[in-house]
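Which chain is which? They are A, B and C, in the order written, and residues in each are numbered from 1.
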Amino acid sequence: MLRCEQVWKRFGKLEVLQGIDLEVSRGEVFVIVGPSGSGKSTLLRCINHLEVIDKGRIYIDGELLGYREADGVLKEQDERSVARTRASIGIVFQQFNLFPHLSALGNIIEAPVQVKKVPKAEAVKTGKELLRKVGLGDKLDAYPSQLSGGQQQRVAIARALAMQPKLMLFDEPTSALDPELVGEVLDVMKNLAAEGMTMVVITHEMGFAREVADRVVFMDEGRIVESAPPEEFFQSPREQRTRVFLSKIL
Amino acid sequence: MKRWLRRSLFLACVLLLATFAAMACGGEEEEEGGVTPGAGAAVPELEDGTLQILSDIAYAPIEFYEAGSNEAKGLDVDLANALGEKLDVKVEFINTGFDGIIAALQGEDGDVIMSSMTITPDREAEIDFIPYADVGTGILVKSGNPEDIAKLEDLCGLTVAVQEGTIQQDMLDDLNADACSDNKIDVVTFDQNPLAVEELRVGGADAVLADFPVALNDANQSDGELEVVGEQFDAAPYGIGLRKDSTELKSALEHALKEMKDDGTYASILKDWGLESASLE
Amino acid sequence: MVLAIGIRFDPSVVWEFLFNGVILRGARETIWIALIAQTVGILLGMVFAVMRVSRNPAARGASGFYVWFVRGTPVLLQLLLVSFGLRQMIDNEMFREVLTRWRAAVITFSVNEGAYMTEIVRAGIQSIPSGQMDAARSLGMTNLQAMRRVILPQALRVIIPPTGNEFIAMLKNTSIAFAIGVLELSSAARRIYADNFKVMELLVVAAIWYLAMTTVFSLLQAEAEAWASAGRERPKTLGSLLVRALVPGGRER
């Protein structure tokens, strides 16, 4: 479903990603953990092409992301093709990034109508269902400023789902929330995982990782240090650095 | 609260006093009498012995700045310098917009107006005049006279450019009220005459109305693009404009002008500019 | 020393000329020119602002040049260039017929305003947190779609107040149009007082008209700001109260 091959990314002089190899199969849930500055967010942003990688390749569902291969030569894709690929990848940000000038329902139907040209009535119907699914069926017309953090994030998830993505990325979705609101968001994510969505989640919520993840990945200083199923990862991590990190957060 | 109140009052008093002082100095000086450097005729009212002349210096060949210089030249300038010599005073030209020039004189921005100003009853109601030249109006058109203009009435229905505040503007307004009332002239006014001429040159107007010598000069300077139609008409005297209360200055200038006519300076200056026809002797 | 402070001011003259034909025509020209120029200016501003922040260096350069040139030269000069300069250079009869003085004035003021609006819109765009663009692009929108649907609508809130100021300045700047022979409010007043010497009275007439225009547009600006605060607490403006009072059963947007 998602394959990263030797991905390198530099910001100025700083090598943020140093040879990342990652493979996520359909329906799998990968949780990425690691200290801040380890490149986790950048990796996610490279996966949906918000950032352009310097070296390596990323494949989404077998298709090369961001480039077209023609006669063995890589050519950069035009903006429209990239946008189309991005539409099939959903991402949920730490800061929600809801559109403040649109209602909850408005946020959700915006992309389907504008990008996929779905007729408005149909988009509204789907949107209402999605909102109901995340537990906000009564907040259709509420504006983001009228919603709590947890509610906003759930709308953000619904907004991403409205585009029927093949892959969902989560960049620390609960880090900006008050503790009592974290649970409602995690519940939505758990349901999503149970339904078989392919997910890559950056989080500090180890309980979530233990419960839902198929694999936990530890990143540090731009490299994947360790990658293992949760029981193995948390109980008997192989790398020293992993152990040090775990001891600090658990 | 008290402190800012006291400060503001103090400031207000200072400002008020400063204003009074300025007004007093710039105001009436009949009693005081100005400084006169030379022996010559007593010319009161002049500051620093300089005759300050308000003029719209964009009206060749009567008053203009030669391209690239800051020195005023022209018929009015030469006549003014001659008058200054007779009175033994310095002469200074102050460039002033024509449509506000009378208000400027009344506001004492200068001592007299010498700006190709035709004497009219309306203007005479506001200021006094000393006639010094006789000049009529000319019609300036594109070479070849494409609209076949021969006289004023032919302008009906056309676009005519003119300087704001001139008698030519009045002429056009009169035409629109009368002979052209069914087929009005589109009167386009500009700050200065050269812009009106430019409008004609670029095809935005069909004709320009200006004093005859000026129209002729515009035609001569146009590299053959423009020409003057016919002869000058409605000749009327130019006047040196003075405030109604500048009676002593007026008699001094009249005296000097007479001297210039008597000794031939007047005629010779007119001849220099090819404007003998404007003589008022 | 004689001190005379006589105040010669005749209010009846003000009343006499307040609705004078020449004054009315001048006022109408002023509003008309300002409205068209501001509208076109806003459109130009949006286009060039998007170009200014684009990833395409050619677009950025062109926009930068436009802003630099237009802001760096006086409007009066631009007016003369467009009206006289262009007509002198382009010796084509149809061109000269199409480019009337009035159109030259409107074009100049529009292009001039566009440069200032570019900077205002750009500042507005850049005031929107980058996360908004991220979210929009992540949902599959192209840059242009994201600009139109997400960034610009939000930027409006930041853009409207300085735009209102621009319009009020524009109303007054139109007085320069007289240089190319276009009669507007200030020159109308000037023409009359050059004739009857009631300088103060006519200036008061002009001032009254300018104040009337700017006041009306200030009210409209307040309404526009309220409208742009969609989704947030909408302030009660005089305009919205009027709307509610005058429109029976009408709902506020």
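Basically, a contact is a pair of C-beta atoms (placed from the backbone, for glycine too) under 8 Å apart; a residue touches a chain by one contact, two chains touch by 3 or more.
What you see is a predicted model, and the numbers here were worked out from it, not measured in a lab.
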item	value
Centre-most chain, if every chain is reduced to its averaged C-alpha atoms	C
Chain whose mean Cα position lies farthest from chain B	A
CA centroid of chain B to CA centroid of chain C, Å	37
Centroid spacing, where centroids are CA-atom means, of chain A and chain C in whole angstrom	45
Between chain B and chain A, distance of the C-alpha-averaged centres to the nearest whole Å	80
Chain B: positions in contact with at least two other chains	none
In the complex with chain C, residue positions of chain B that touch it	20, 23-24, 27-28, 99-100, 102-103, 106, 122, 126, 161, 164-165, 188-191, 195-196, 198-199, 201-204
Residues on chain C engaged by chain B in the complex (per definition of touch)	1-5, 84, 87-88, 93, 96-97, 100-101, 178-181, 183, 187, 190-191, 193-195, 197, 199
For the chain C and chain A complex, residues of the former touching the latter	129, 131-132, 134-143, 145, 149-150, 153-154, 230-232
Residues on chain A engaged by chain C in the complex (per definition of touch)	45, 48, 50, 79-80, 83-84, 86-91, 93, 95, 97-103, 110-111, 114-116, 143-145, 156, 159-160, 163
